[in-house]
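Scroll down for the structure; my scribbles are underneath it.
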Amino acid sequence: MKLFPTAYSKPGTKPGTLSDAKSGRCELHMMSYTHAKLVERPDIEPDACYSYIKDSDVTWIHVQGAPDTATLRTLSKAFDIHELYLEDILNTGHRAKLEVNEMQAFIILSLPRFEGKQIVTEQVCLFLTDHTVVSFCSGVLDPFLLVRERIRKPISKHRQRGGDYLTYTLIDSIIDHAFPVVESLAEDIQVLEDKLLEKPDKAIVQEIYFLMRQLLLLRRRLWPQRDIVSQLQRDDNLELLADDTRVYLSDCYDHCVNIIELLETYHEITSGMLDLYLSNATHRLNEVMRVLTVISVLFMPPTFLVGVYGMNFDTSASPLNMPELASPYGYLFVWLAIISMMGGMLLYFRKKRWF
Amino acid sequence: MKLFPTAYSKPGTKPGTLSDAKSGRCELHMMSYTHAKLVERPDIEPDACYSYIKDSDVTWIHVQGAPDTATLRTLSKAFDIHELYLEDILNTGHRAKLEVNEMQAFIILSLPRFEGKQIVTEQVCLFLTDHTVVSFCSGVLDPFLLVRERIRKPISKHRQRGGDYLTYTLIDSIIDHAFPVVESLAEDIQVLEDKLLEKPDKAIVQEIYFLMRQLLLLRRRLWPQRDIVSQLQRDDNLELLADDTRVYLSDCYDHCVNIIELLETYHEITSGMLDLYLSNATHRLNEVMRVLTVISVLFMPPTFLVGVYGMNFDTSASPLNMPELASPYGYLFVWLAIISMMGGMLLYFRKKRWF
Amino acid sequence: MKLFPTAYSKPGTKPGTLSDAKSGRCELHMMSYTHAKLVERPDIEPDACYSYIKDSDVTWIHVQGAPDTATLRTLSKAFDIHELYLEDILNTGHRAKLEVNEMQAFIILSLPRFEGKQIVTEQVCLFLTDHTVVSFCSGVLDPFLLVRERIRKPISKHRQRGGDYLTYTLIDSIIDHAFPVVESLAEDIQVLEDKLLEKPDKAIVQEIYFLMRQLLLLRRRLWPQRDIVSQLQRDDNLELLADDTRVYLSDCYDHCVNIIELLETYHEITSGMLDLYLSNATHRLNEVMRVLTVISVLFMPPTFLVGVYGMNFDTSASPLNMPELASPYGYLFVWLAIISMMGGMLLYFRKKRWF
Amino acid sequence: MKLFPTAYSKPGTKPGTLSDAKSGRCELHMMSYTHAKLVERPDIEPDACYSYIKDSDVTWIHVQGAPDTATLRTLSKAFDIHELYLEDILNTGHRAKLEVNEMQAFIILSLPRFEGKQIVTEQVCLFLTDHTVVSFCSGVLDPFLLVRERIRKPISKHRQRGGDYLTYTLIDSIIDHAFPVVESLAEDIQVLEDKLLEKPDKAIVQEIYFLMRQLLLLRRRLWPQRDIVSQLQRDDNLELLADDTRVYLSDCYDHCVNIIELLETYHEITSGMLDLYLSNATHRLNEVMRVLTVISVLFMPPTFLVGVYGMNFDTSASPLNMPELASPYGYLFVWLAIISMMGGMLLYFRKKRWF
Amino acid sequence: MKLFPTAYSKPGTKPGTLSDAKSGRCELHMMSYTHAKLVERPDIEPDACYSYIKDSDVTWIHVQGAPDTATLRTLSKAFDIHELYLEDILNTGHRAKLEVNEMQAFIILSLPRFEGKQIVTEQVCLFLTDHTVVSFCSGVLDPFLLVRERIRKPISKHRQRGGDYLTYTLIDSIIDHAFPVVESLAEDIQVLEDKLLEKPDKAIVQEIYFLMRQLLLLRRRLWPQRDIVSQLQRDDNLELLADDTRVYLSDCYDHCVNIIELLETYHEITSGMLDLYLSNATHRLNEVMRVLTVISVLFMPPTFLVGVYGMNFDTSASPLNMPELASPYGYLFVWLAIISMMGGMLLYFRKKRWF
């Protein structure tokens, strides 16, 4: 995940500035339905959307990818989207948020997914008015394929209900996309734990570090979604939501909280893994040093002693010069001294429980 | 405990989807009682339950195990359980929660128990309406055996009171199941503490790690129960609860808080154990290194010196070639030098308090 | 202090179950007083208490020790104590709490004291109605001796005021018992600090660990008392308290907060002591290793060199075999080489600031 | 950034004391505009400002640099600025704050920017009344150049709106100046991460330390701005703000929160980098010590052995004196002993997985 | 600073007990003023104070030092001070607090100052009624000298305003005394940082420890002052404060928050310094160990080899006994072996980037 995900305009520029530099390719998909009928128009032109908005229908425009400023301005005119919201849609990497007027709501959410082994987060914006929903999703993967399947079935709940139920299913779908990501992180932790217990190597610390980094960054992205769903669910001023949609949002809120708590617990567990690694490394160091010290202490004094009797002092020059060399028991005594030194040391180490 | 305990449906699927894959074997047990009479039907069929629901009786259905979708749908129709609640019952590993309407309450709790040396948590769901309670418990062990004993006694409080008192005893029973688990964790800590002080080995760090992991995961599961009991107890809108049941819930709340606080304190204590282990390991390392250094410093210089006089330079080639060898006091001086070197070092180490 | 202090009944047992297993010896002490008169009855029988309760008098029954179930039931009948409160009184180790009805209050507090060098906490329960107070204290030491002294003086405030002032003095007395304990912990910290700076040994880490453990456990016991006093002081529904008693509770609240904050600060300070110990140990290790390395680096190369000229190659076999041995300046050159090696090393170490 | 940024008067001095010691050079810039006209006066004298204040115009005075007390008093008289605010303007390094009366608002903000590689924060004060804005910015760089550009365009929003929109753009401009600073900190973190993985050296820990220090100090400066913008946006008593300006402040609030959360996440990530460094260092130490120990263990015993047979005991003095030397297979046996010792050690190390 | 600063009475003693043991020498200073006149009486007797209290004047009595119980009782009668407040005044080391009645306020604050290099905190108590202020300050240094100077000037704000403005200036003066202390702590941190980067020694860790200890203890003392000022400023029931005094308290609140935040940031920075010290120490240890290992690995095998050829096996006893010694190229081959061993090791170390 990016450390600094936020796209921003130069400080001091006009609020609502739309830079074409951030625009890219996008595709629009429209569904307009009542209980009785469904009109679906993939790859619709922005200008064509306006004609499908009717008071009796639920109209949903989905914009996949990075829309250019022209598309945004067209949609803005058709649905009365505030210029500040347009800027937020373009400047991806925005913090999740909810802006509510009595008859309008603007929601930004984060969609986490895997790109290879990396987690990336797409920005999803929802703009909701009385009976229309406009959704924007950065990136190339459309997260709403299953929702469309459900709308196409004439007996589905969507076809009985309004734009608020559609909005709920979109939010629910985005939030549930976090489950496989979090599950995969849990598997990563378990793999790292096994490695840590069986054969820890240097690379494992880096893997733990990057796991913690991902957990921190992901938590920061998903954390505000909890408040957004809670606010949607509780806000009595928001006339857009039918009362029986609130119980669905409550289910959605559970999932947000669950995901956040899992991420926090994983962070604390990986933090414990680092401590485990360090403690094990210190233990191994102790063991290695004990072996070194035992060997050194056992062999250094005898090596000194045999060095003494390897000196070449001229025994004939004086009776004080190494008389031991000529003693018949000299060699035996040296071995005796060596063996008792070593034995004493071994007893001392055993007493100190060094092995 | 599982790192990722939550069973979830594929993101984008319809809310309330019941997957048969998660179904298993289950057993239903029904009790229906008034002050005067008690009907008990173990192993009742789901369809048979409906006939026992009377306005004058308290009816309690307990479902032990993983119910199949058919059973769930039958119960849902009989007691008017929302499809989202059915999904929560199937998708075990759900975060504890409380959903309240005026005349209905749905509660999810976590039941911790030991499976061998591992802690596992079962999901317990309670669905409460005016005079009926439906309870669901995953796993094979029925946690409500003692409650049933009490109901069977005609003089018990249960027989004088309504479904709200029954619900309280079920909640109380679930929450109190945490006490033996927490007590056992406290014993584990004490065993680890003793080991740590007497003979710490490498395995102890892993044991501490897994203890902390269990404490973290268990706290995450039990934490939300505190708010649930508090909410039940305070909520004035919940007409299901008689006023004199609230004092019982208050007792239950105490237990929740006590358990959470014990788990948090244990986490901080085990965190201190890790620090103690590391400090001890570092201390031992210091001690080992001091021994090594003292021995090396004592014996390296003398070993060098006796090496000098072990050289074979031809003393006859020049008077400059090792004249010491022929000196009558050469050998004595070497020993004197060695002893003063060693003595000096020992004084230096004593001054530095190395031993 | 005990890691798991809570006595609990088997999960699923009836609320209000009183187990005789937890009962022990107890002593009752009664005082009944007005402005004009004082009746004091030490070692009163439970049944005798009822006759002293009059609307005009303040009646205080103190139960010291572990009451048996019969005593509890007698008192419960006389003063109308709820069965759940009786269970809390028997199951010592309960979290501090306050339960309030309009005309009754039940309070559990923790009384810390030293038993040898160990801190233990006794459970103190207070049951307060209009003009009667029943107090229970586990253990053998009566914490209210000084309060009784004050009541015996006819001019004391007690004799001018009601049961609420008595309750305040009991609470105040319990809470103030923490001061000498906290003061003694502060002295322990200072002793450990001095040891740490002067001569840290291995045992000090264990002492710090057990100090932190005590701080954590004590804080957990005393923490809820703060909210209890605050709640008593603020609660307008509690008609038992006269308005001019509230200013006294406010003084009591100060003491609670002060004690908690001291315990938290001590925890952070002892945590810093561990860091200080580890840093010092690492520093000492560095110092030891530097000495070892300097000595090894100084003497290993010369020792190798003199080893070379201690070889016994047959110089007569070939002029290539150790011709240095016969050179008149060989020995001198060897010493020169040794001295310049050592000097160079010393310069290098000095440059690296190793000594 | 400065550890102690706050300029303060001697404790006990009169509130509102203006010390000339803190005054320096400053430049005033005035813009006064309506929809129809614009008067711009760079380098205006303080006394001249008063004449431009008209009820029909928006008048903006910007003071860049450190104003002297005379200038402050002139402006204070013209715009009715409280003496405490004047003191805050002079005593730079003030915590960000908002003071609101019904028809006046005084705001202090922090403007972070780079001065070379160091982050410095300038203090920006805004004083807002009905249709006038006075802004003060310490330092030499004017942060409002782009805002002035926009005002000069007759079609800009500024020319259609009042002083509240101007105030919003000034606040927005200050807060957005944090984005490039935070982005640059994110780049520093990434550079440090790469260094840490590729070739960590001693300097890297210092760099991490100074990065964490900057993150902490910057967060402390920017943290209160979040509450200020939130308060401005919500406060219904503040009649200075038009309702359609609040949606703009809401956008501004998002940015504050985003910046704070990024800084906090970076702090946790850099904290993880320190752990990674330490773990890697410990791993390397282990590796080095293993090499040392393996070599020592392999060569110390053989070196002792060959030392034994380098002793000069007189074999002719006794048959007990080193009879091995004369044995025809002595030398072979010594090599055999050496090789089997070394081989045994290598097998032991391999079993212990030391290499 | 003292770990346990609180003076307390024996648990169970009567609330409001005044112990003469805590009394000492004290000096009273009185100022009584209106707009027109000022009466100042240094060293006034307690009994004489009463006569100066007039409804038209502001009367301020300052008590410097530790008053005896007689003085306290005299003042208590004259100004109607509650017995619990008298006890708080005697028992210095009290947590900062505010007690408010409608027409009385009692405030305890902490005055930090340096005594040599140590920070000590004096207890300052303020007792405020309609037009009188009684202040108490422990210790010998009077913190209000500058305030008195200001009162003496007939044109000062004090002379135009009532007792509430005087109280504000006293509070402000106490709180501002923290600025030089915090500034000095910031300087200490910077000195320690420089030492840490240039030449860290063992003593530095102890200095950091004591700095953190001071920061923790000082924060604990100053933390509650923030709530006190905030409460004073907001409390609408407190009729003692004129509305235009509240803006001054708001300035004072800023200073409290600023000081607390600085102390917290310094705590986190010093915590980072410990990490930096440890990381540097570990790095140095690595470096030292690398040097030791390189030297050992380079010289141990050659030293063994030359030891082999220093053995005295009798070459004449058997052709198997060290035939190399007689080989004409033996010596050359030994050097070749040594040089290639060393070269190989150096290449291996270079590859491992050990130097």
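Note that the chains are named A, B, C, D and E in the order they appear, and that numbering of residues resets to 1 at the start of each chain.
What we mean here is this: a residue touches a chain if its C-beta (ideal position, glycine included) is under 8 Å from a C-beta of that chain, and two chains touch if they have at least 3 such contacts.
What you see is a predicted model; the values in this text were computed from it and never measured.
**Q** Where each step is a move between two chains that touch, what is the least number of such steps from chain A to chain D?
**A** Minimum number of steps from chain A to chain D: 1.
**Q** Can you tell me the C-alpha superposition angle of chain B onto chain D, nearest 5°?
**A** The best-fit rotation has an angle of 145 degrees.
**Q** For copies chain D and chain E, work out whether under half or over half of the interface numbers are shared, and give different or same accordingly.
**A** Under half shared, hence different.
**Q** Quick check: how many Å separate the C-alpha centres of chain C and chain D?
**A** 39
**Q** Give, as an integer number of Å, the spacing between the C-alpha centres of chain C and chain B.
**A** 24
**Q** At which residue positions does chain E touch at least two other chains?
**A** Counting only residues that touch two or more other chains, chain E contributes 278, 282, 285, 289, 292, 296, 300, 303, 307, 310-312, 322.
**Q** Considering only which chains touch which, how would you classify the arrangement: line, ring, star, complete or other?
**A** Basically the chains close up into a ring.
**Q** With chain B as the start and chain C right after it, run through the chains round the ring.
**A** Once chain B is placed first and chain C next, the ring gives B, C, E, D, A.
**Q** Any idea which chain E residues touch chain D in the complex?
**A** Going by the criterion above, the answer is residues 143-147, 150, 156-157, 169, 172-173, 176-177, 179-180, 182-183, 186-187, 189-190, 197, 247-248, 250-251, 254-255, 257-258, 261-262, 265-266, 268-269, 272-273, 275-276, 278-280, 282-283, 285-286, 289-290, 292-293, 296-297, 300-301, 303-304, 307-308, 310-314, 317-318, 320-322, 353-354.
**Q** Can you name the residues of chain E that touch chain C in the complex?
**A** Listed in rising order, the residues are 3-4, 6, 8-15, 82, 84, 87-88, 94-95, 97, 99, 199, 202, 205-206, 209, 212-213, 216-217, 220, 274, 277-278, 281-282, 284-285, 288-289, 291-292, 295-296, 299-300, 302-303, 306-307, 309-312, 315, 322, 324-332, 334.
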